[in-house]
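Read from first to last, the chains carry the letters A, B, C, D, E and F; within each, the first residue is number 1.
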Amino acid sequence: MFFHVKQTQYKCSPVMPDPLYAKKLQEVLGGQYGEMSVMMQYLFQGFNSRAEKKYKDMLLDIGTEEISHVEMLCTMISQLLDGAPLDQQEEAAKDPLIEAALGGINPQHLIVSGLGAAPTDSTGYPLNSRYMVSSGNLLADFRANLNAESQGRLQVVRLYEQTTDPGVRDMLSFMIARDTMHQNQWLAAIAEIEQQEGVLVPSSFHVELEDQAIAHQFMNYSEGEESSSGSWANGPSPDGRGNLEYVANPKAYGPEPSLRPAPDAMHSRLGMKPTLSNPKGCLEA
Amino acid sequence: MFFHVKQTQYKCSPVMPDPLYAKKLQEVLGGQYGEMSVMMQYLFQGFNSRAEKKYKDMLLDIGTEEISHVEMLCTMISQLLDGAPLDQQEEAAKDPLIEAALGGINPQHLIVSGLGAAPTDSTGYPLNSRYMVSSGNLLADFRANLNAESQGRLQVVRLYEQTTDPGVRDMLSFMIARDTMHQNQWLAAIAEIEQQEGVLVPSSFHVELEDQAIAHQFMNYSEGEESSSGSWANGPSPDGRGNLEYVANPKAYGPEPSLRPAPDAMHSRLGMKPTLSNPKGCLEA
Amino acid sequence: MFFHVKQTQYKCSPVMPDPLYAKKLQEVLGGQYGEMSVMMQYLFQGFNSRAEKKYKDMLLDIGTEEISHVEMLCTMISQLLDGAPLDQQEEAAKDPLIEAALGGINPQHLIVSGLGAAPTDSTGYPLNSRYMVSSGNLLADFRANLNAESQGRLQVVRLYEQTTDPGVRDMLSFMIARDTMHQNQWLAAIAEIEQQEGVLVPSSFHVELEDQAIAHQFMNYSEGEESSSGSWANGPSPDGRGNLEYVANPKAYGPEPSLRPAPDAMHSRLGMKPTLSNPKGCLEA
Amino acid sequence: MFFHVKQTQYKCSPVMPDPLYAKKLQEVLGGQYGEMSVMMQYLFQGFNSRAEKKYKDMLLDIGTEEISHVEMLCTMISQLLDGAPLDQQEEAAKDPLIEAALGGINPQHLIVSGLGAAPTDSTGYPLNSRYMVSSGNLLADFRANLNAESQGRLQVVRLYEQTTDPGVRDMLSFMIARDTMHQNQWLAAIAEIEQQEGVLVPSSFHVELEDQAIAHQFMNYSEGEESSSGSWANGPSPDGRGNLEYVANPKAYGPEPSLRPAPDAMHSRLGMKPTLSNPKGCLEA
Amino acid sequence: MFFHVKQTQYKCSPVMPDPLYAKKLQEVLGGQYGEMSVMMQYLFQGFNSRAEKKYKDMLLDIGTEEISHVEMLCTMISQLLDGAPLDQQEEAAKDPLIEAALGGINPQHLIVSGLGAAPTDSTGYPLNSRYMVSSGNLLADFRANLNAESQGRLQVVRLYEQTTDPGVRDMLSFMIARDTMHQNQWLAAIAEIEQQEGVLVPSSFHVELEDQAIAHQFMNYSEGEESSSGSWANGPSPDGRGNLEYVANPKAYGPEPSLRPAPDAMHSRLGMKPTLSNPKGCLEA
Amino acid sequence: MFFHVKQTQYKCSPVMPDPLYAKKLQEVLGGQYGEMSVMMQYLFQGFNSRAEKKYKDMLLDIGTEEISHVEMLCTMISQLLDGAPLDQQEEAAKDPLIEAALGGINPQHLIVSGLGAAPTDSTGYPLNSRYMVSSGNLLADFRANLNAESQGRLQVVRLYEQTTDPGVRDMLSFMIARDTMHQNQWLAAIAEIEQQEGVLVPSSFHVELEDQAIAHQFMNYSEGEESSSGSWANGPSPDGRGNLEYVANPKAYGPEPSLRPAPDAMHSRLGMKPTLSNPKGCLEA
């Protein structure tokens, strides 16, 4: 069960309104790796958790924190939108510069959300729950989480570069620091699990059931062998099961495929004649 | 530029048709972490690559291999669909068991794709390109790739458990082995980059610009302190910059937010009176 | 069955082209509460109606009117797009002002729809049928309709404020007036039904089967009790079944949840060993 | 800022697993009117609120409660999935009845979420944020909320009818009671605002700017006049501005529209000749 | 402007309810090539039409007819759903056969639409307006229309094969006949335009601006030359501009691409050092 | 199986960066008829092909070529983005003209993809696989392909008009020429099949099963008879089965529909009383 307190986790007020930046900032609210995504990703992983209690507790700690980040971003975006030139139509009609500036605002901020944050990304595309990963396998999911915090922090840093407003930068520097912690958190948690069960996800598939011959080969399907000099093509494999090997000219193991013709009822076959049995009967049925 | 050879990378024929399983297998073809997703993810990362040549080459190697996996899965699914009971309507009408079995087939296999594989997941939901990650930052993207191969291999292993067809299992054991290699590949590549620039993404943000105080704190927002015993709450931080710290009772750093009323042109304000200036003039305009 | 006459329901010509405004006006054509949505919502409610004839007739009256509104908006948008600066590339290359103005146009108007209206909203996001509500329960659906007409009229009024073109404003003032009627219509229809069966949807669920104790309590989950002074927290309940009550410190009625570990075949469990029975047998199968 | 406590708001355990019902129950978790939708709808309305404090507080009270409902549904669904017949492949191969039953399970529960709840509806379609309404206008939004609680309670009641599990019914009867309260809440809040500013949304548009003549006419576009006997076609209008009037034979107020031909650069015109000026120059450029 | 009459264009009643078939029939109502798609496609082409009047009139004739087809399918689906076993839960609990049959029904028919047709396809995926094509170029659009009627008739024929209900088959045979007409219609209209301006879309692009050398070459990118024996690889080209030519070993015309490194503000570069100028100043700003 | 060579099919470098044009060019990469769509459409048709070998080979030839086109467009877009004014924030703050220009850039190019091409269209909307058509019926699919190449070439020609960069125009003129070939290719292939089996899709449906009376009638549902003068309303029908006929006043063949009331368990009926049998028993269960 959840509770809310009135204060935000960190202060979130811009020095100046900036509706064009409000549109951009939407990316880390409602985008693929925005706060809404990770909030729901962590909460779902926590609610569905079938593992040791400390994992469920930890997931709900961070998932709950992310709801607070959604709150901060909504509050910031609403204030950035305070400056939207809504009543400058007549000026705009005369001054193409104002009209042009208006063109860069997300129109739904002006028409749909009434100068409020929208649950969408920076192109206005709605958040959807296919962004949220929850597989039930802790190592798999912690990698999804590390990925999300890596893409997310990268985006926030890029957004930091694209404003000079000290109020916005202040909030972003708080969020970047939390993303630092969250990357650390998942790195630590991943290391803990990898020590227990190895680096492969899932670790519990019988090794004899895999096609061992090709489980450590790097296959060169793009002409030129620059890729042979990477760590991925030489030396012991990270999973500790063998040595990585570079295959310069990979061969096909399978035959040329050939599919059976479609049955009559599909009406797909070239040159096919009508074959529905007893058409008159059908009509009479 | 690309070329195709007729043979498939591995053989891909079931012993018996199984249209219910065809529906399931769609998940690893057109699902979030299916072969179509990773194919496009790696190709886009490769095409867009601004890094050293060996990375671009490597990304295109694996991206090209994934197109071959799409081919294998399409071929397999088409054959699994050969057994769809299309002309058993009359039997079905009499035998509720057959009718019930028909209910589990993806209806678009029977109506839309004509017993061919569809570019969708196991619920019939179409692939979309928000699944594909390409940020331009190698470490961020390699983590996205490790995540994809981890979720992907987990799904293939689960699918392996859900069939007993030796032909299907044979192909899956090939794909599981390639996923083993691909997890190894990204683990090796990640290690190579982390050694160069540390574990944080991005590594190039000024540490002084972050809110250092809270960059290594685990905050306990879910009552109960089970989460304090994890590796994420104690000891040196993976980024080597400090020590992880557990904050049992995190406080709010921000004030209670308060937003300005919306301007008149939004028509949002409670109890607001009509204020459009000079309405008659508008009518006459 | 439907028929079309050539005249539009109301005149729909702008005084001047304005491609930036064309992009905005798309919101009330193909947005969540645009004319396409309500058109299909009313038609589906009508086609599916299992109620008294007067309701079906009424729903088809208004659904049919909305098709005419789609026609008007398409006609208006096409004319607003007449002014798109398509052949000003060379000027734009020299004059950043023109280039900037071009940036605000929906690019699909220039590339995809050929200066025609598109079935999308103001961000270019396509209409989808999850916007359309048809539950079979009249009171529920009339509330959906009142909601749609309220959000819709609000958006049209905001758009009215964002243009000064007398031709556009003339058409919008017609549409606002129809939305006035349609809000009146649903308010009247709702009152008629509420009088018959009360205000709860659905009215036909056994009151004893509900958890009566908490059916009229307002629960305060956000610290601070400003919410206690609203009409929702005091006095007789609108459903006439009791009194609204303010619970300042709501308690949890449930236990701490604890889920069973996943079965082996899920390959989710931490530290799990390979357990697929008889792996060799599988290989031999 | 938010906090979590370990107990759930209400108990949420089934007596027996039932994976087919788990699929259905997803509708009120991740569907259009599921708990995830209303949770985000109320939180966004609260975060973005520019109105009196009591409204913001109230919105965050109920939004926070809805997060707890998401938690309950996830916990319930995970337990309903405990009975998924994952290792009955061999039995299924022999017994078409088991195979048929397997066909009705959401395949992503078995492959993707690892027997956990998914953030999708009962067809597996992902939640998306276009479901969530937040316009900044309180009356408009409270109507959206009443609509959501009406559709939502109707769906939960239907789901109650479609199970006999006493554990599931117990939780649903709690949720139905909360929906009773929430319908009451929005009805009360709506009445409070309507008393202040009337029933039209928005109330602040100049009445002279509307096309008064048609603001209270019901227009009969579907042959037959059954619709004339409804409350929407007679008597004083709910907005108090006039009388509702039935127009049996509505006329077109607009002319037959006629659009200008597309400019050359669109390449749309029938029989058009190549006109790109100075093509050679282009080649040489 | 539009009008509705009460009769449907053709009779649309099944002999027996069949909720499993109702799910399938949704494909041609709300699927990619369903009646809702073509209805909106033709209406948008008509509303946006800038061509001769006879084309606009024709497009609105057929677009209006398609609304009537939507009506017929909704009516049929609602009646097929009359037989949904809603109150057989207790029987289902005892009889796995009934439970299995229930699994094949679209759950939203039971929970969301209240036994009414839904605006979705046979997997429950919502209609979206990216299905609808309207480019402003008549020849392009008539080809889109011919494509839609071809895919559509194929799907209806497949559905005809998958039922034995004489009432359903009767309605489908009407719809198949109309699709026959509509294919004829677009074939005739296409021929009319091709005669005027040739077969290429668009016909108005300067032929000198194209890379003539490769405008009639079939390039063999898939090993093996079976494709050389098709009509597409030999003989005069359908556009009358040259001869089709088979290129057995196509060469690359472009160089190996090489992209510039990303600028610092992207934080993408490998091994990059922090470079934000004057970080302290930023903090002080 | 697939292979990649380093060179691109054609050169793809702009003379000057142009981030606004990069946004537009996305349409033919990730839009409905962009290269990603046709690439997957042709590959799926090829992989799923059950027809003569020459068709499968041909489909894979062209599908493989399209992957190379995706590569070219990604390379071009990345270079057009080199000029994005990322570090001009301070200038932008002072110069509204720069700020306005920034507003026209796709924000995800700056935040998400790191100045790389994105798998989306020109509005930022992601590619999805419902764009890709593969029905198993060759004639139907070749018409889908001709449609795609027609819409696609039209869009590329429009984009050609909207730039003056000789490097971009050079690449586009290559792509336009390939689209010329591809239209020719599908026209030739279609003619080949139509000669074998006639022009109707599918050709194999029993003619007696269709409602012959209305299979060649053009029905006039839009008042006014301009449509009577088209080739679609007179003369022998393209399918060779009859004569096209103009029906000026089409009649309804069906009755007024009337649906049965919903069963109690739907809770839809107006004025319905609670009817769940034995509610107490339920509570006790």
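The criterion applied here is as follows: a residue touches a chain if its C-beta (ideal position, glycine included) is under 8 Å from a C-beta of that chain, and two chains touch if they have at least 3 such contacts.
All of these numbers come straight from a predicted model, not from anything done at the bench.
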item	value
Shared chain contacts [chain D and chain E, defined touch]	A, B, C, F
Same-interface partner of B-D, chosen from the options E-F, D-E or A-B, over half of the pairs matching	D-E
Rounded Å distance between chain A and chain F, as computed from the means of their C-alpha atoms	26
Multi-chain contact sites of chain C, meaning residues that touch two or more partners	1-9, 32, 48, 50, 60-61, 64-65, 68, 75, 78, 86-87, 97, 100-101, 103-104, 112, 114-115, 120, 123-126, 128, 130, 135-137, 154, 157-158, 161-162, 164, 169, 202, 205, 209, 221-222, 224, 252, 254, 259-260, 262, 264-268, 276, 282
In the complex, chain F residues that touch chain D	154, 157-158, 161-162, 164, 166, 169, 265-267, 276, 282, 285
Residues of chain B touching chain D in the complex	20, 23-24, 27, 31-32, 97, 100-101, 103-105, 121-125, 154-155, 158-159, 161-164, 221-224, 252, 254, 259-262, 264, 266-276, 279-280, 282-283
Residue ranges of chain C touching chain F (in the complex, touch as defined)	1-6, 48-52, 86-87, 89-90, 93, 96-97, 99-104, 106-108, 110-112, 114, 120, 123-126, 135-138, 193, 196-197, 202-209
In the complex, chain E residues that touch chain F	5-13, 32, 53-58, 60-62, 64-65, 68, 72, 75, 78-79, 82, 86-87, 114-115, 125, 128, 130-131, 133, 135, 137, 139-140, 143-144, 146-147, 150-151, 153-155, 157, 160, 169, 173-174, 176-178, 180-181, 183-189, 191-192, 199-202, 205, 209-222, 224-227, 229-233, 235, 237-239, 244, 252-257, 259-260, 262-266, 268
Interface residues, chain D side, partner chain A - complex	1-5, 7-9, 30, 36, 40, 43-44, 47-48, 50, 60-61, 63-65, 67-68, 70-71, 74-75, 78, 112-120, 126-130, 132, 134-137
